[in-house]
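Paired with chain B in one complex and with chain C in the other, chain A is shared by the two complexes that follow.
Up next, the complex of A and B:
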């Protein structure tokens, strides 16, 4: 089976690498074909022509596009994604500085959402067409449809402003600086609302997929066989049916995790968290080409990696996939 | 010392965290030794923290506390000594002598001298700052032969100089650290060394900039606070929520969302200061190159046809003024005798008919391409009103909100516009902020952003601008400026939509006397004082309720855990039942 798994990983990598390359070329081209001269933005208001030329030369903006691309690819392979025009700092350093916040936020949200979503999905499927199912279904429909920017602001207004029990935003307290374990608690407090905001949507999503997969699994012959062999209901539910339904849940979780790594923008902006999504978002508005391209490449690589991991997990859960 | 005691009790605290009451009791005791801090908000990460290099507001906002300048300007526009104790102007108006304070040192301990002034003015402000080039146009050199006297020698008299030597554009940088470096790439643009009341100690990008009090500040007793923290909060709603909750003590300039001022004004304990020394205004730049806008009657018809009064009252109520003429109303040089183009669609129709643009069969006359930076929702609101107004006089408006880079390219440089509405700083002197929009020598090919983009050419106006610069007598200068304004107002190459004030809001329970400077973003926070009952207010500040929060959180977690356990138990019991029937 390991051989099969190794082959699977190789196959996925063989698909992933060219995918990332295509993304790099596309992003690079699209970004530069958009209207607006980046050198103008860079040089500030009313620059002299000499200064503009200097800026262009410094950022290679005076070279032909294909040459810019080639240089870029060569550097990218070595981990050098260029210098951010706005910050004047290496893109790789900026990304590595902003990424941990997103990673922590996303991991916490996806972990809670996975546990809760699978639990709710199984319960709803088990009690199909009962009041419990209706409540879970209704709640997940709600969580699914509430726009995150609105939910986020409501949570801030309720828990931070009106009830005054949680901070309104930021990564840690600005009034007092905490150290050591106090600092951890302080950050944890600041993360409660953003994690909840992100989590609700994901929980709804995972619940719905798990429920559907569980209902399908519970209708299969092996479930009947398991009961016939004298297995308890909970054993059938959690060991037999869930084990099969889990491949669906894990695939959804993997996909969503990848999306969130670059797409927690709204949450990061509402709560003023210095994460990758915000860096990406700001770079678009500042037309910070290098940073924008860098973020895109980093995010898409992360998605590719997460998907490979997902495939491996699914293969472990369901040996048929690995074959 | 504070850190050490903190860490020492951490072991105990770690345990206490699980007993919220215990922790809640301990925290206020810790908070009393806490440094006095003001917390502000910035709308973005500043690209550089160096006011003499750029006019980007976040650069002022983050840089002014670190740097100092020869003078500071209060919000009435009066000039006060800062790094210069006093100054003299020679009778011919060509020599400005600044006598510097002798007890000023840089944050690294080196003494501040006139060599720093010379270096900064000649190499940074006059070369790199977008307004600096205009303000110091006449500067020939700075004489620094006496370390405590800086003498500015000008080729012609230039009244604008005295208004330009403040933190807004002329903050002084240390020569001994800057000389010979690549200014644009200098790391000091991110971690500045200045003479200001606060030292920048920590910059966590995307999160906060933290400053500590400059113990060697040249005015004893200033600043009154130990620390300044500027949190970077890009979302306007999030900034207001943080301010309302008390996590942030002040909002100013670009971090103050104009749409929320009326709400913020009602927060308890909040004071608001506004000032328009910088002459901020939304100007409608009219492209006079093409038909029909080359005809002055058409431009006047636009002035009569757009209901600017309605825009003032509805887009920025309370903090906007009517700008009649090319100079902002806050400026003493503004000609008060000019008559406004009243909102009068009938008159506009007459002017358009007279200009030879009658309504066609469908009732329209011609198209009006209106461009602006899409991210400024204030202009978007103005544009809606303008389209409505102009359709009443038969002009079809094509609304073209563009992203900033595209606006620069399509509008300012390719000149594919009939009007661009943009935010302009017309101060601190019309030589700097106004002249650039009208003199023919400021028309470039290819065109440049924020120059004479109307392509207005009038040799008499060119001559008068030169003539006023030679006047040493302020009354004579005003006389010429009055004349210039009459001509320009008649021509309407630029239609001022409204002038607006910079607004700063601060929490009066945390500080007093904030934002008395010309522009809130240029406040160094040196003169900000503690309110009478600060000690108590700070200790009992909103975030001191930390223990309470942990209590709530723990209680919530306990309830959830209990609930889950109960469900689980119930379910297993039911499962057992099911097994029997199966």
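Up next, the complex of A and C:
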């Protein structure tokens, strides 16, 4: 059993590692495809001649293309994503410094979305073709049709501007400084709107897929068998059928993680949160391309890792997968 | 990642509707019609923009940040431009970018899906690997990086969205091909000496069209969303304001001018919701679930 799982993890890593390499090569290709001298692109708009020469040497920009690619790959794999022109600091250090905010935001959003989405999906499937099902279906359709950046603005307009019960943005209160538990409460209050904004789309997605998977599971023979053995309705629903549908829900969570990170960029912009998305966004307009590509490589790698994890979770939930 | 993503039901992506009960068919038609209705309003408004407003969407005026009134139905923005007119003309940009990039995505997706599903074997494996890569790489973030590095401009934005968006169509079409290629009419055509090209375009394609139409509705919604996402981040074409750009400009004046955000967002959401409803309704009507296995 454990041996099988170990093998599976190795196999997933064997698929994931080349994917990360492809992402790095792709980024390299894009930087090379961009108009102008790549050294100028990486060194910023008005570098000193010494700095330009240093960037050229660091990335072997006067060597043949394959040598450049190899250098870029080796740097990236070792965690060296270059230096930010704007901050004058290593990109990796900046990313690690800004990442916790994004990690907290996305984890809270994805966790809430998963719980709510699975709950709603199961209930809708159980009450299929009733008013409840129709309401859940309509709400989830609405949920993934409303663009996240407009939803964010609407929530600000409603809860911060009109009702004035929640802060419109920021990580914590600017005028008062709280300590200890009060600080946690203050931050939590600032996170309510961003998390709600970010989770709605994912909730809708998970609800939809869970409902479809549950309906399929409820039509299977083992459900009939479970009823025949005298299992209660709720046991059949939440244990037998959900055990099967859960693999779909978990897979969706993995596949949606990239969209979630893109949503985090927008959410952090609307609410002025000091996270990775904000860092990434600002780097574009500061023409800080090392920081921008670094953030992209980091985020893509995170997506690959999350997919590997969800694949393993799926395999644990469903022993038939990939053994 | 191969097995688990392949295990996702294509049907759920197309629409959670299940057309097994006859009395539900009305609901599906209703969903299509409601969708068309929602879609029709912004579409017609954008088409007839010059008839509906005399205001120039780019004309500045000293009446800045005015609330909606008779003179300016949706108010004015920070530079005194008429928001109603900007929403109408912005709709043209959003819809054109959405439709053309969806067309690119559908063409690539159909080609990849048909070739993968028809030839199976190694071709299928290679194409599906590529599909998986495109599925996992964060599309929106990649679009940002591409546009930021290669420059904006409406044509580049269209191409980027199209090239990054074909995965959904490819998967749906491939699933159809795996079923269709075993049908007797395909066997008959093969025995009759028809070339693979002829079989694919003449015999199989007409059978895939309903699924392509469903996919097209969803892809167009996705493309409009991606365009507005890029524009919201300031990566669209600044000389051609779209709904996304209007929302970006609204962001700075959220506290003073709710109308700058509300109306463009409403138009954008109505369009995407309409397209999703149409896609859902048609998916159920065509029985996508039954065959998509």
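Note that in this section the second predicted complex is superposed on the first by the 280 of 323 C-alpha atoms of A that agree within 3 Å, B and C clash if a C-alpha of one lies under 4 Å from a C-alpha of the other, contacts with A are read in each partner's own complex, and residues count from 1 in each chain.
We adopt the following convention: a contact is a pair of C-beta atoms (placed from the backbone, for glycine too) under 8 Å apart; a residue touches a chain by one contact, two chains touch by 3 or more.
Since this is a predicted model, take the numbers as computed values, not measurements.
Within the superposed three-chain model, A:5 lies out of touch with both chain B and chain C [touch as defined at top]. In the superposition on chain A, contact is made by A:22 with chain C only, not with chain B.
Within the superposed three-chain model, A:234 lies in touch with chain B and out of touch with chain C [touch as defined at top].
In the superposed model, A:156 lies in contact with both chain B and chain C. Once the two complexes are overlaid on the shared chain, A:192 sits against chain B while remaining clear of chain C. When the two structures are aligned on the shared chain, A:104 is found in touch with neither chain B nor chain C. Of the two partner chains placed by superposition, A:223 touches none, neither chain B nor chain C.
Contacts of A:174 after superposition on the shared chain: chain B is touched, whereas chain C is not.
Of the two partner chains placed by the overlay, chain B and chain C both lie in contact with A:270. Touched by chain B in one complex and by chain C in the other are residues 34-35, 41, 153, 156-157, 161, 168, 269-270, 285 of chain A. Residues of chain A that touch chain B in their complex: 34-38, 40-41, 44-47, 86-88, 94, 97-98, 153, 156-157, 160-161, 164-176, 179-182, 185-186, 189, 192, 227, 232-234, 269-275, 278-279, 282, 285, 287.
Those residues of chain C whose C-beta lies close enough to touch chain A in the complex are 1-5, 7-9, 11-12, 16, 18, 21, 24, 133, 135-142, 144-146, 148-151, 221, 225, 228-229, 232-235, 244, 247, 250-251, 254-255, 258, 261-262, 264-265, 268-269, 272-273, 276-277, 280. Those residues of chain A whose C-beta lies close enough to touch chain C in the complex are 12, 15-16, 19, 22-23, 26-27, 30-31, 33-35, 41, 129, 137, 141-142, 144-147, 149-150, 153-154, 156-157, 161, 168, 208-209, 211-213, 215-216, 247-248, 251-252, 254-255, 258-259, 261-262, 265-266, 269-270, 280-281, 284-285, 289, 292-293, 296, 299-300, 303-304, 307-308, 310-311, 314-315, 321-322. In the complex of the two chains, the chain B residues touching chain A come out as 3, 6-7, 10, 13-14, 17, 31, 34, 37, 39, 44-45, 47-48, 54-56, 130, 133, 184-185, 189-190, 204-208, 229, 231-235, 237-238, 241-242, 244-245, 247-248, 375, 403-406, 408-410, 413, 448-451, 541-546, 548-550, 552-553, 571-572, 575-576, 578-579, 582.
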